[in-house]
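After this come two complexes, each holding chain A, first together with chain B and then together with chain C.
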Partner chain A sequence: METTAYKTDMEFFVDMQRCIGCRACEMACAECETNGHESMIHVNYVERSTTIQTTVQVCMHCDDPVCAKVCPADAISKDDFGVVHSANTSRCIGCSNCVMACPFGVPKKQEQYDLMMKCNMCYDRTSAGKKPMCATVCPSQALYYGTREEIARMRPNSTPVNTFIFGQLTVTTKVNIMMPKGSTHLKVH
Partner chain B sequence: MRHRFPIDKKAFLAAAVATLLCVAFSFYGSRKLQNFDPALIAYLFGTLFALAGAVYRYAVWLQRPPTWLYFKRTWQFVFNGSLLAHLWLLTKESVRNLAFQAFIYPRSRLRWFAHFMLASGCLAAFAITIPLTLGWIHFTLDPASAADPAAIKIYNAHFFGFTVMNFELGSTLAFLIFHALTWCSWLVIIGCLIFLIKRLTNAGLIATQTFEGDLLPLILLIIISVTGLGLNFSYAFLKGFAYDFMAVTHAISVILFLVWIPFGKFFHIIQRPAQIGVHVYLKEGEKKGMAICPHTHQPFTTQLHVDDLKTVTKELGFDFTLEDGSSHLDYSPEGKRSLLAKAHLAARCESGTYFG
Partner chain C sequence: MARLPVSPEKIIEQFGPHLNYAPKEGYVGRDEPDRTVKTHCCFCGMQCGIQLLVKNNKVVGFEPWMEFPFNEGRLCPKGVQRYLQDNHPDRLLDPLERVEGKGFQPTTWDNAMDRVVSEIKRIQAQYGHDAFSILSGVSLTNEKSYLVGKFARVAVKTANLDYNGRLCMVSAGAGNKKAFGLDRASNSYADLEHAEVIIVTGANVSETFPTLTHWIWRARDNGAKLIVIDPRVIPLARTADIHLDIKPGTDSALYGAMLKYLADHDLLDDDFIRNHTSGFEATLEVVKDHTIEWAEAVTGIAADKIIAAAELWGRAKTSFLLHARGIEHHSKGVENVLGCINLVLATGRIGKPYCGYGTITGQGNGQGGREHGHKCDQLPGNRDITNPEHRKYIANVWGIPEAEMPGKGLTAYELIEAIHRGEVKGLLSICFNPLVSLPNNNYVREALEKLEFYVCIDFFLNETARHADIVLAGSLHEEEEGTVTTAEGRVVRIQKAVDPPGNARPDTKILLEIAHRLGAGDKFTYANSEAIFNELRVASKGGTADYYGITYKKVEENMGIFWPCPTEDHPGTPRLWEDRKFHTPDGKAHFNPVSYRPPGEVTDQEYPVVLTTGRVVSQYLSGTQTRRIGKLVGIYPEPLVEIHPELAAQYNIRQRELVRVVTRRGMGEFPANIVETIRKDTVFLPYHWPGKKSANQLTPGTLDPISKIPEFKVCACRLEPTGIISDPKQAHAWDSI
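Now for the complex of A and B:
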């Protein structure tokens, strides 16, 4: 983490509406060296009985990460680039506080390891100036990693949004989701 | 006036009490310093500092809302007697997860083997050196056998001044006991080398590790073990050559290690038993019922956990309460992801086009 070629002009843009549920990202995610070859990305049907809609979820890397705050073992940290890292393996006590408190449902409890693991935006790749695995394979560009100029050119009718409202709580994140042009936030509840 | 590094009064008090207790135990345990080995004075101060630091950090750590909640719940289970029902679980988990660190095994056999070597070596060394340093254990030559030139010399081991065992000098047992730290050193060296190779070659670890957080602890343990072995090697094979150098480097590295326990990676040794507390918490919560996600209609964790998290998140400044009085935390992780996707779809629908 000391020497890095992390590109600060590159950002993550997610458009769940474009997810076709192909799970290519899941396969690619398992190639990430920092996960110990476990897939961390989530692809799931939204309401299997009534719609074919699928959704894809990477860690949103919150500005004020709830997961880190509710961790009783100080195992989760956010670095200078705003990347919220997976649990420190020596500290994590497998309590699942982060799993249950994350407003986006991101951290995964790996029961067999008694350890929480989560997306760290492929830190082995992004810290070397490369794109996260999932974004390199997504065929419908539901997951896109690049500059703001690139996404503005590709999606002229959308606006990247990183503010989410959950009832009383407003959460801002490092990762953006693509919303209709002019949107400022996404109200979940 | 606000201090830049404010001292936590409660933690300071806890650290002071623990340190004074340890000094008192050492004073009386060594029979008013009769059995205290003055050669170990530097180690004694290192140990006392480590104790004070570890208790201080532990007390500060406990005061964090999520940690305090688990701590409080564990004591509630103790006092309402429900912990008794989990005695078997506690014992099993302590052996499995603390003594054998079995939870590491599924991640990789080699990783577990390395950690087991490292942990066993360190814990055994603690069990030997800390009581020696504090004067709780000492050895004497049995006076009767010492006086008789023809007799086999007998060594007595004392704990808190009470004789606990005897063994013959020159016996296999004596060899094993006198070299106990040598065996520990080899275990630590084997474990550290495997980890060091892993950390220098695994791309994922290289990307996320830090020198002071991950590599330095291994290097320090190797220095401690190698200089410790060097002491033995020097007097056994080199007629004491470079003994002073080894003794000084060993002392410096050990004291650095002791002083660092409360602040660095080694603190996880002290934190780890909390894992068992969490297992009891989840088991106890199951008795009171599971939380059902309003979206997936499936149980996902205990209701106790969800309710406790609502309290803790509020305390931390995150209020997930919704307009209808329910909470975003009532939803499972999958439910939360689906809600986000539904809200996103609704926003797109409202804009008149699905894509943009």
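Now for the complex of A and C:
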């Protein structure tokens, strides 16, 4: 049934093996006026000289967001749906603490605005029952927005993982990365 | 007088390409559009559903169309940015007249039409009817494609009409007609979902048909094994179960060896072959010496990988084989297609659920545009212009004596040759930019300069149009009603979103007025596009591409109807051949013998490296539209020559060093992109750019003997490093001259 409210059972899944590097997500994200027509999602080659593989980085929306913790101006907040919002423009002082602290390298400082900006999972769309724009257009569905049941049914060969271990630090996130079946976490060395 | 009237720099200053990043007025009104128009993307044969947001008669943005069944909102970067072609600063707003020394100046429609019509009449009176030619294109709707075909034969009365589908799907079309008696992908892409094995050969799906990637992954999620055949590790090949890294120009050797392997290992569907096909014995006979070891030597693919692919294909219960320009742009294009079809027929996996085969049509209306008569040998309904019965039927629909119907004309590249020879003196082009898209384009430029009169209909002043005497400001995809037929054979509705700006006119209106002024007005009385479609329905009735049962209403209600659809109560045909009644004269699917022969040009001491060409995800064909959209240009700003590190080392070529690529036809300098994702004996160049950055300065005009498709995908080149490292920040190719 169509709803116009935030669907709390919807989650975001990223499957790097499907990414074809087309940048439709970046183009679509940059259509948003809230972002000042800057893309909040980033596609990069891993190492073009040896492989065509690209990765796509979207805000992982951490359960305990480091970006918010290190913000001296209390400009970054997480809401009841688990969405970590981009810096409140009236509070952000452009110090870049969040830029340096994020283990995933997500926040970027937009120098022309002297503001940090990052993905808020298309709050204008998701709060109205739609999918985020990047996951809507993604032609390979490397970016998928749906329920955990849907992804389990549709992609039986992969497992969503939202636990990431960076040395001593364990981070859990709202956004999932699709991993080989049976995986429980992703350890970053 | 088709030389440039002023310097190209001056023309570019006025008419572009300029890069458009945002609507001229900003994003005013996007939140509250006047209208949201459900239509389709104009770039590629997938024809993804998209909604255009319209404010004040301008397209100001898009919204995904979640309900359209093929793409469910998914789009590629071209689709996301397509709205920026509308309201573009380069848009032609008036008809233009070439003025020597001054450039192109706006003129009145009356003056432009007078010139066009008097020149057509003069040239035809002086040199004969066929001395005036027409080149068209299949980004046009079905209605316009049909109209151009009728316009050429009934109003201009010339045999010499051909189209840019000649650079696109003609090899596939010819192969499909030989094997099945009908030219359409045999299945909708829904049949991919439970295919056990998928072969993708010569199709860079993720860059040229990005939204098809999802359907292939759906199959893989269900357990499908994917075999990708390509000289490069294209994005889809990176994760494929088997990647056969074939040497360009050797495709038919691989298919022949696989067919022999299937026969030798009892992996054939003998019942299907016996009951529903003909020609198998003769086909097997010609590949009896195509052993795996021989194929390894010819194709450069390791024997064990060929065997693994043949085993997977041979033992599957369901399968889907897809191919595209990678195997079709060859002097053996038709043979390559037939080699693929032989593999499908040998296993009997067609006409059943999840058993599919098809070419992936490249252009926006590559399917519909090739069915209704704007190729030189064809009449609507995919009828044959040399067949007396077909001629009689269409002459009757058009209300002309059959004897007045011109015969078969020259194909696109042959037309260029005829202009060189002085046999063709005049040209009208629409939806075609041959200076970028035809091979050996310096030769094409010389031909343009020999024309006595050239009129171009376009919405931008494309590179070829700069050579015109008159340019008629036409219409974009979103400025007229119509239908197109997707690569699946699904007829879908193109909804008009806005009117042409300024004094630009709908293409249809332009063609109708010329027809009227040529004295054929009584044959061209249509109230609207739907009236043209309704005539097309009648004209296609009883032909192999039968649209008679398709109406605008039915298309809209069902979000598309698959032809053939012979009656109004017929639901359409997503999957062909379920009844095993093929459209060949004997009702059987035909095997066609294909034994390997070398490509038109092979490497030698002087030209020791193979050059192949193709596309990138951010550009569409000759770039008339996409080289004007800033962010698309930004993704891949200039053509890079892809070269393997070992080959680069042989020439001491460094990353981003400008490399002079030289062939027997010309040379161009391109920055090197040294990557392991290409064969060691092959370099790759994408072809979307003009002038000195054009890959088609280098490609040969060798044609397939049947389809007359040029051999874009293989030629011999030599590499000359220049010692200059090219700064990516200086990349500037979109308006190269």
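We take it that the second predicted complex is superposed on the first by the 183 of 189 C-alpha atoms of A that agree within 3 Å, B and C clash if a C-alpha of one lies under 4 Å from a C-alpha of the other, contacts with A are read in each partner's own complex, and residues count from 1 in each chain.
Heads up, the rule we're going with is that contacts are C-beta pairs under 8 Å (C-beta built on N, C-alpha and C of every residue); 3 or more make two chains touch, one makes a residue touch a chain.
For clarity, every value in this text was computed on a predicted model and none was experimentally measured.
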Touched partner set for A:T136, first chain B, second chain C, both or neither: second
Is A:N35 contacted by the first partner chain B, the second partner chain C, both or neither? first
Thinking of the overlay built on chain A, is A:Q17 touched by chain B (first), by chain C (second), by both, or by neither? both
Which partner chains sit in contact with A:C102 here, chain B, chain C, both or neither? Use first/second/both/neither. first
Partner contacting more residues of chain A (chain B vs chain C): B
Which of the two partners, first being chain B and second being chain C, lies in contact with A:S49: first, second, both, or neither? second
First, second, both or neither for A:A68, with chain B first and chain C second: neither
Could you give the residue numbers on chain A that contact chain B in one complex and chain C in the other? 17-18, 33, 53-54, 155-157
Tell me, which parts of chain A touch chain B in their complex? 1-2, 15-18, 32-36, 42, 44, 46-47, 53-55, 57, 66, 69-74, 85-86, 90-91, 93-97, 99-107, 112-115, 120, 123-124, 127-128, 155-158, 164, 166-169, 177-181, 183, 186-189
Residue numbers on chain C that touch chain A, as the complex places them: 22, 27, 30, 61-62, 64, 66, 71, 73-77, 79-81, 206-207, 210-211, 213-214, 217-218, 220-221, 233-236, 238-239, 617-618, 631, 635, 645, 655, 673-677
Along chain A, where are the residues that touch chain C in the complex? 17-18, 20-24, 26-28, 30-31, 33, 37, 48-54, 131, 133, 136-141, 154-157
Contact footprint of chain A on chain B as seen in their complex: 61, 64, 66-67, 69-70, 97, 103-104, 106-107, 202-204, 206-211, 265, 268, 271-272, 274-275, 278, 281, 300-301, 305-306, 309, 312-313, 316, 318-323, 327-329, 331-345, 347-348, 350-351, 353-356
